[in-house]
């Protein structure tokens, strides 16, 4: 008899009229490391939240260790031995590590008062177990993002779960911390703990999982043993069609220098940044999370002011003091967090597309030219294949891929000379990813200089003609397009 | 935790500056107005601010939870008026007080339900409650003052226990209890999760809605207590009670180091804030400055307090980037 | 399907006149017009003096101050902020202007200085909010106290009276048989409505209210526009003060008490959202009319003024609730 610790039977979920999960059936063995992959909006997070008691299912049942369970709250799930390590950090910043790890489960005396000494002791135990050296009394707000994610993991571990769910566990971690996480997962596995994790990073999935389940549009497409499948098959299941090339052909012709940065520095963030950008090439910024790439990009764009340094565009020096200056000079920046910093979720597709270029759509006295706006909106929807094609749809109803395409349209509308895209395919499904890559390449071929910041090495290698590798605020090397992952990692961790 | 550690924790949290300012002001006052340091004045100082002090204890919890409660300016006169009406109808002191507090609690409950279910910022919800309550107060009293309080009632505002005025003693006891609970009790600690990162509360299984009800009801009860004490002090109740008090209470809590965005603040800090404002309040008495200036001063204090707390606090974080806009807007 | 404002319509208009007409008819403003229509009918049935010329004119003139303040409030709410000090700024500006007049300053200068002071107070609000990025609730709450306090300090509670004829004309005079305040009111409503929907610099306010961070990264000068919003709000409060003091022929420290609540209420009824990014000038105007009609009903039915406070509070509660439901339904379609 196979020992299934978790059985999902016929789980469906709708939010009002929106069916997000449709008849999911899954069986997970005890001690297994099970990956769940799928496009954005496929329902992975929702499924995890149902297992973890944050949402209730509309239909279906969950059978844990042979018994049917009905979780009405996260607490129920935790009590039954299911813990989640969330993607968005759920720590209270002004409380310390110990309080956060044991949040709501602090050791207390009969009257409910916290036993601080015991709390600190237990915390130290857990941290030692993971192999991390943090003082339990440190405030979470004072920790780096990577460390905070580790605390999040420690929290789940402290719950002595039978099943731990990881939602995009390595998105905020640096190389050293990622290895730590793999160790933790292996360690848990040897102790018989079952692991479910969601990830967009297929190489990672193939490295540590035993089984892979693919979700698409709320349905379970299939489950495969990792050893018996391939990345291509998984991608095909995720996307539902042959994808062809994920990355378009690279540049055949590199032109003259279009952009250069010299001596860019800002205390505690980056130092001595220097690079050139040529027409027709895509330059990549590689490096670990926190190595300063986004800060450099934002400073070039004028969102933050560097302390020293100069920027030359088409041979002339330019002063960029604000995003407005940047846009005027033809430099644009696609933020890495499109929902918070890039798009206007409650507004329509049309309104978003013109957001960065409103001044192009007003007449001499400043009044809006509606017909022109409508034309341009339709043009971009068509050109970038944004769905749904109705330019009056609200952005918040679009999938991640279409939202990112809208962001791209927003900036293409400014007719840039230089485009800096920060994590252009984060949270984007494979299909839209390929489309975005194609458009970036087309852009570069039309004479625009493109810089890509990405934490996904395959993307950097697949897309870029040259790669600038960052480490702790400095560029440690500029590599050619045939660089290997190992080489890049070497420079990123010097 | 030892006494030493407690003190250090209080002063470490942002309050060293405040403590120094208070000490300096006390010294200054002592030099220019020797009467300031007389025990009788200290009592006047304390009694002049005791309503705000009591309400500030509850408001601290509210602000840590990233909320705010403006309705206290309506609850306070409301409970004063109601207790007067009940007493006039011979309900007896205990019953009158309990009923008045019950009604105050009801207001807090309404606030909490609006916040929980309407997903509207507490500022607006409690503003609406405040307006309605003020209207109700007017309707009930028709603009007149409620009188006819039995002598036994005078105790709450004017009586003494061991030589100390009852309200001050009450506040002292409550302050110590609240401080201890907030720092060490598991249930009260929840407020830091709710205010610091709502997900941290949600995913830990904290029952957020119920806790919100708890703190808003508690806050309103405290406002009710303040109202009863005021009625007892003045042996009357009218709609003029508590005008502008919400401003002072909020100022006190923010001066004490709590942040409007939530997740931060201590009772100890609030107490320092109370001390500071009580002294300012007393300077009006000492210098004989017209009361009209008070509103100006309190308004300015609030602006300065928030400015220091939010703006300087941000720079201290040293991220090099000014705070995001999102956090300030509604 | 959520109700749209005309402002959304203009930018999102589709081709075809018939569908455009259908869309216009389903907007919030038309809905409000209907409610106003119904209310008016009810009032004319139950209150015998409602439909008289004098009553209607007094409603219209009384609305003048509320409309001006509510216009400013709509802008501020649109930007994602709030201005609780409008009533106090009205009071203080009125005091300053009338005291200057009493001191013998010419009408022209007094008016200019008065408007400047209102603008300046709005400017201070704006600096704290836009430059130092401090919570607008608290800033304007503090300003509310400061301005009101100063009003009382300056007058010690006394009325400022004996104002020159030249000043009283502003609020009491007529042009072509129609009172001056009405011209100003209608002029500002039409002007602001048009500008907000069609003028680039103002239109950006919608983006700022929706997502100020993204707006900044899109090259919009958020600080400047937010500052401008509060400056305009202060200016309009000052303008309202001038009309009020000249109409009532006196300055009084307590003028404008509670004005902010009425303004917020009107704006929300008119389609502004507490979360920012939405608002309609015409809608706000209709909201003011509605509230004015309801208050008029109180007066005509001889309801004790004490009840007005309660009802106004309850209306605010209802307005918020409806707004909240609207926002929730929008957000839920996201899941």
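Here are some notes:
Letters A, B and C name the chains as they come in the text, with residue numbers starting at 1 for each one.
Keep in mind that, in the parts below, a contact is a pair of C-beta atoms (placed from the backbone, for glycine too) under 8 Å apart; a residue touches a chain by one contact, two chains touch by 3 or more.
All values reported here derive from a predicted model rather than from experimental measurement.
Comparing mean CA positions across the assembly, the chain most remote from subunit B is A.
By number of C-beta pairs in contact, B-C leads when A-B and B-C are compared.
If you average the CA atoms of subunit A and of subunit B, the two centres end up 43 Å from each other. Centre-to-centre separation between subunit B and subunit C, using Cα means, comes to 31 Å.
Looking at subunit A, residues 340 sit in touch with two or more other chains. Each of the following residues of subunit B touches two or more other chains: 326. Residues of subunit C found to touch two or more other chains are 211, 213, 216. The residues of subunit A lying in touch with subunit B in their complex are 54, 73-75, 78, 84, 86, 88-95, 99-100, 103-106, 108, 111-114, 116, 266-269, 304, 340.
Looking at the complex, you find that subunit B touches subunit C at residues 68, 114, 118-121, 123-125, 127-136, 138-139, 142-143, 244, 247, 250, 254, 260, 290, 292-300, 302-303, 306-307, 310-311, 314, 322-326, 328-330.
Across the interface of their complex, subunit A is touched by residues 8, 10-14, 198-201, 203-204, 206-207, 210-211, 213-221, 277, 330-335 of subunit C. For subunit C in complex with subunit B, the residues that touch the partner chain are 79-82, 128-129, 132-139, 141-150, 152-153, 156, 209, 211-213, 216, 222, 258, 261, 264, 274-276, 304, 306-314, 316-317, 320-321, 323-325, 327-328.
If you check the complex, the residues on subunit B that touch subunit A are 1, 184-187, 189-190, 192-193, 195-197, 199-206, 263-264, 318, 320-321, 326.
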